[in-house]
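Okay, so chain A shows up in both of these, paired with chain B first and chain C after.
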Partner chain A sequence: MFAYIIRRLVYGVVTLFALSLVVFLLIQFSGGSPLDRLKLNPRMQPVIAQLTELWGLDKPWYEQYFIWLRNFVTPVDVPAQEGLIVVLGKLGIRSWVAIAAAVAAVGYTVALFFVKVKANWWRTFRAFSIILTWLIAFWIIKSRIVFALNWGISFRGDGPVWDNIFGAAGNTFRLGATALLLALIVGIPLGIYQAIKQYSFFDQLGTMLSFITFSTPIFIIGVMLQLILALYMERWTGVKLFYVVGMTSSGYEELGRGLFGLPSLAQLGDVIQHLTLPAISIAAISMAGYSRFQRASMLEVMHSDYLRTAKAKGLPRRTVVVKHALRNALIPIVTLVSLDVAFIIGGAIITESIFGWPGVGRLYIGAIQSIDYPTIMAVVMAIGAGVVVMNIVADILYGVLDPRVRYD
Partner chain B sequence: MTERESASEAILDVAEGISAEPITQWDLFVTRLRRHRLATIAFFYMGFIGFVALLAPLFTCQKDDTFCGRGPVEMSGLTTVLMLATALLVGYFAYRSFVSKLRGMAVALTFVTVVLGIFLVSSWGLLDVPHVNHYADQLPDESGRILVNIAPRGSIPLGTDDLGRDVLARVIHGGRASLAVGLVVGALVALLGTVIGSLAGYYPGVVDQSLMRFTDLVLGLPLLPVAIVVGRVLPELQFLPGFLKQGAWGIAVLVGLLVWGALARIVRAEFLSLREKEFVEAARAAGASDRRIIFRHILPNALSPIIVQTTLIVGTAIILEAALSFLGFGVRPPIPTWGGMAASGASIAVRGFWWELVFSAGALISTVLAINFIGDGLRDALDPTQTIERK
Partner chain C sequence: MADPLLNVEDLRTYFSTEEGVVKAVDGVSFKVDAGERRGVVGESGCGKSVTAMSIMRLIEPPAGEIVTGKVEFDGRDLLKLTEADMQQVRGGDIAMIFQDPMTALNPVYTIGDQLIETILLHQDVSKSEARDIAITALDDVQIPHAGKVMEDYPHQFSGGMRQRVMIAMGLSCEPKLLIADEPTTALDVTTQAQIMNLMLELAEQRNTAVLLITHDLGVVAGFCDSIQVMYAGSIVERGTGDEIFHNPQHPYTWGLLGSMTRLDESQQERLNSVRGAPPSLINPPTGCRFGPRCDFAQDICREALPILHQSQEGQKVACHRSDELDLKSIAIGATS
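Up next is the complex of A and B:
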């Protein structure tokens, strides 16, 4: 198992290398300098010279690639403003604390896999302690904002890419996590109910609806929701239920603070009004997929031999469905959910640009439009790393939940 | 007697020794496919969409074309009805020829060849963009004013957009991009996925390992972000030939090169299991070459997942192209695509002009839906474990 994870991680790193090379070459061969926009402004001459030297923009592409690669993995200290351009400093003591936290988290995770205890409580403890360690490490790294990798400075003059991405990632996480949760709590029960009432009117209706949703591009769902549930509804009924742009209203801070610095009810309501429509548009397709998948997996279990045995023993139908069927039918969907992360990130890119959501997706689209290559590379690598990690997590989870699966 | 009965009757005839006419796999396939009502309708619909999109330059007027009188306004009334009627007829015959019992395959192939020929002849509209802008024509009224944002009405069945262009003409032309993407991606995926998957599945060891690592690599790329980068820089890439930079072809090739991985895995899995079967062993014992075993023994048995998966990937590819065009990194305006029309339609729908968005979105959704139904129907029809008497 451990060797398997290490091997997968190595493949993952190779994939990321290939990804970075492909994107880098595409940008290199697309003609024109990435600094073309800055050149329009005569005041930017010193900045251009500085960036050209920093990124080796006058060197051949392979040297530029290695400069980028070296910078990409180099830790740097808090960015400091200097003239027109942000300069990333050398490592300070606080950065070393953050790095030590990250190394400790990795080390603890690796070390735990060497401890051989065959007990269920140990598995649970291991899983929770790893998650906890990573949360703490992440908090140390993030909360001080002392630690950064030298992902460069946006060519659009937005400051350090690391800060931009970590600022936007939280917003994308809020959107994506809500969407995933929504898809799960609607999709799975729907699929289970459809399987229990196979061939009923509800089942056929659900199948038809998920087929249609599955064939609808995410941008059409987003635009339609925006138009019908927000704009046209307000126009016809005068009720403003949802907002279509941004994460909060402009008067968000005046809505009052709740206890312990938590948002007040009014603020929570405002957030929900903004969050609902983009979350639904990302979730809709996954929802359809989950309900289809859950239905199939539930049906497969319902027709299995051991379930017939359970029924034949005279167990109540409820026990049969919940204890025997449902538990096993939920296993496959765990993998599906982990693999769905890539799809949700893709959906977030489209949805964020429709709903003006200040997340990674909008950052990416903006960077693409002006070929701001430090940002493009960083976003692509971050998403690629997320996909690689989630693929590995999917495999591990599957092995943990289904004891028949063995890795070699 | 309906066709469904006739097929069952034929099977019974053979079974009871009344008729000596053999029942081929094709007959069984067609009979099963016809059971799938929605797939049947979807086939019909795709024939219709394909026909309309392929012949789009013939239906809509060209600039300064005297045949159309004052321009596309006149044509949209009666000609639309004629066009729809012809298209329905041809679509029906396409469908009939595809599923007809008698030499269905031959007729279908002929039909596909003819259609492809027409497509190639008429596809200059996509290849040579600047000279053809019938879909970019603005509609003037008698006094010469441009009719901007006109709601659907008699002579303009689907209204006009914010530049005064006929939405119907643009929806028809927009289908060409989706169709080109569907065709090219289908062909590319079927080719790449099958070749790589079967080589990896048949030759274990180094070949399998290296090909599969490569496949994993391609599958590991985050699809949409990479597609967006490529779509963005595509028109500026220096080493590409001109026709790939503009229009749908470049996007189609790009999408095709990104999505074949899933099929390769499926084909490999099929090959791995089929390779160990007794009939392959028998063929090998009889001295058949690798090439013969692959092409004559294994591939025909692995065909059904290939067909089904390719169909489903085509649906995904059309959505991906539309999403790219919607974001502005796919086919660039003024070439109409459904995704691009949805983007511009969304911006004017805010002011209440819903038609461009609704009709382009409707065309897109119904096409992808039809493709998915066809995939579903094919999956059922190609499944040999399904008996013909199943419900």
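Up next is the complex of A and C:
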């Protein structure tokens, strides 16, 4: 399986290269220049000439592509001309710790695959321990090596792209992870329950609600939530339950710190009040999708021969559903959820705009409007990398859930 | 005479569909003694499987429902048991194996898991004892390296091997009755013979009663003590193997026998088929349900539903004209 993951990662890198080239060409040939705004002011002429020279905008597209690529992988504060050896020589102790963490994580992953224990619990333990190890390693590596790269300098004059994305990514993650969690914990049990009680009143109601949510555009859901749950709610009852804009209130810092520097309860409450509505907006569609998918896959399993066998063995209905049906019914959902995880990285452009959420989506739309190649490319590459990685994760999860899947 | 092991009386299982009520099993009564091997034969859709599923109470409302009837097993009426008691009967006292072994095992659990699960459910043993019982059960169905295959998944087995696993699972708790619903239909002929021989051997050894459901008369011939023929939701003829094969009293049985390939007869002869198609179970024809397809039908057959009665020849038959017809002497195919 290790060889399989390596092979998939290599394919992934090739895919990302192709992606970067295609997207770069699209931006190049869609017309316009990042400096167009400045042209309105005649006195800007020398600045335009200077920036054109600096950014290489007068060069042919392939040269521009390589300039972008070089900047993308150039570490902070290291001039582009210096080679890799020089870069390594300039790394501080913290960077070396990060490299050690990465090596350790790879080593642990490899080592685990040489341990042969043929049991289900072992497969599960192995999967989780590897994921955990990588999370910890990721935490250490974060902002040391990979993310010490600039990812290029923004054309909008606001510094290295990485700095902008890093800030926005945290915000997007808060919103996206909450939305995903909400979609999962509501959508999947809903689908399962609907399948178990097929054609009941609850099932019909769930189906109807799913179709309504699924077919309502997200900007309508978002605005309706703002209107009903925030504005009208406050007007009619006088209770301010939810906020419609931003991540926290302006007086957030004054709400006091909790123990160990953690947010206080008042701060947590404030965060939830801001988070709820945008999270519901994003979750709504996924939730409807998950519940439909889960219902269909559960129904298929419920009518399968092996479930009849399980019943004929005398297993209680609970065991039949939980042990024999659920695991099989979850397999098809894995792909769906994995790809959703990947797209969370890219942020939710519409929802973030409606709710004034300073995330990647807003950064992205801003970058597109001002033809800021480095930022656009960085977001695209991040989403691309997310899709590649989550596809691999999905395939590994398949193997955990379904013994018929083999990696070779 | 001792009480029968299984006593089904006037069982009626109906399914409600949009077109109307399908009377899949419509008044079936029969008894199976301990250790008896009974064959249930009939075309697809004649209610064989539904009868079996009804005995196990695996018919799920609201789609299907056992309307009336009594299923007495070992002195208890299964239809009156609570769900919890019924779970003890399923897999414990009555085991069932199914038609398609390729899909009857859960693909995500090992053979061992699925066997041990059944044993733990019905026997008061520890996990390691259950494991030993499971390995013995696999040994009994002649699966090589039983200890090793416990860790294997169903997809690593061939169809025949999976059916052996199903049999091992069914017999691991020493049931008094094994219901085999077309156990060899999905297997190739060589494997069929192996599986049938294995089942015969095991059932004889343990004195397990078997209810063998099949549309293949050839399978029944060597295996069963007695045979009942079903048509359109009810039993039309019941007797010993000899009686059914050599002296059929019901024109349907007679027709079925005529549609069998026989190695001991000339190859030149055309195979006979029972003309027409099985009737709708929503609006069955009045009178004898086989009437419209019967070569010997008369007015009475279109008016009154014949009931299962003792024929002069010994077996029970549901035909108005069984006593006057001498089917044995009519060459099959002569009338068509």
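FYI, the second predicted complex is superposed on the first by the 307 of 408 C-alpha atoms of A that agree within 3 Å, B and C clash if a C-alpha of one lies under 4 Å from a C-alpha of the other, contacts with A are read in each partner's own complex, and residues count from 1 in each chain.
The working rule: a residue touches a chain if its C-beta (ideal position, glycine included) is under 8 Å from a C-beta of that chain, and two chains touch if they have at least 3 such contacts.
This one's a predicted model, so the numbers in the text were calculated from it and none came from an experiment.
*Asks:* Using the superposition on chain A, decide if chain B and chain C clash or fit.
*Replies:* These partners fit in the superposed model.
*Asks:* Under the stated touch criterion, which partner chain does A:D402 make contact with: chain B (first), chain C (second), both, or neither?
*Replies:* Only chain C; A:D402 stays clear of chain B.
*Asks:* Under the stated touch criterion, which partner chain does A:F128 make contact with: chain B (first), chain C (second), both, or neither?
*Replies:* In the superposed model, A:F128 contacts neither chain B nor chain C.
*Asks:* Examine A:W139 and indicate which partner it touches, taking first as chain B and second as chain C; both and neither are also allowed.
*Replies:* neither
*Asks:* Per the contact definition in the header, classify A:R327: touching chain B only (first), chain C only (second), both, or neither.
*Replies:* After superposition on chain A, A:R327 lies in contact with chain C alone.
*Asks:* Which angle, as a multiple of 10 degrees, do chain B and chain C span at the CA centre of chain A?
*Replies:* After superposition on chain A, the angle is 70 degrees.
*Asks:* Pick one for A:S304: touches chain B only (first), chain C only (second), both, or neither.
*Replies:* Only chain C is touched by A:S304; chain B is not.
*Asks:* Given the superposition on chain A, which partner contacts more residues in chain A: chain B or chain C?
*Replies:* The partner that reaches more residues of chain A in the superposed model: B.
*Asks:* Once chain A of both complexes is superposed, is A:K313 in touch with chain B (first), chain C (second), both, or neither?
*Replies:* A:K313 sits against chain C, while chain B stays out of touch.
*Asks:* So if I take every C-alpha atom in chain B and every one in chain C after superposing, what is the smallest distance between them in Å?
*Replies:* It comes out at 5 Å between the closest C-alpha atoms.
*Asks:* Along chain B, where are the residues that touch chain A in the complex?
*Replies:* Answer in residue numbers: 213, 216-217, 220-226, 228-230, 232-233, 236-239, 315, 319, 322-323, 326-329, 339, 342-343, 346, 349-350, 354, 357, 361, 364-365, 368-369, 371-373, 376.
*Asks:* Hey, which residues of chain A end up touching chain C in the complex?
*Replies:* Chain A residues touching chain C: 118, 120, 199, 304-317, 324, 327-328, 401-404.
*Asks:* What does chain A use to touch chain B in their complex?
*Replies:* Answer in residue numbers: 11-12, 14-15, 18-19, 22-23, 26-27, 29-32, 211-212, 214-220, 223-224, 226-227, 231, 342, 345-346, 349-350, 353-354, 364-365, 368-369, 371, 376, 379-380, 383-384, 387-388, 391.
*Asks:* Enumerate the contact residues on chain C facing chain A in the complex.
*Replies:* It comes out as residues 56, 58, 62, 83-84, 86-92, 95-96, 98, 100, 103-110, 113, 117-118, 121-122, 151, 153, 155, 166, 169.
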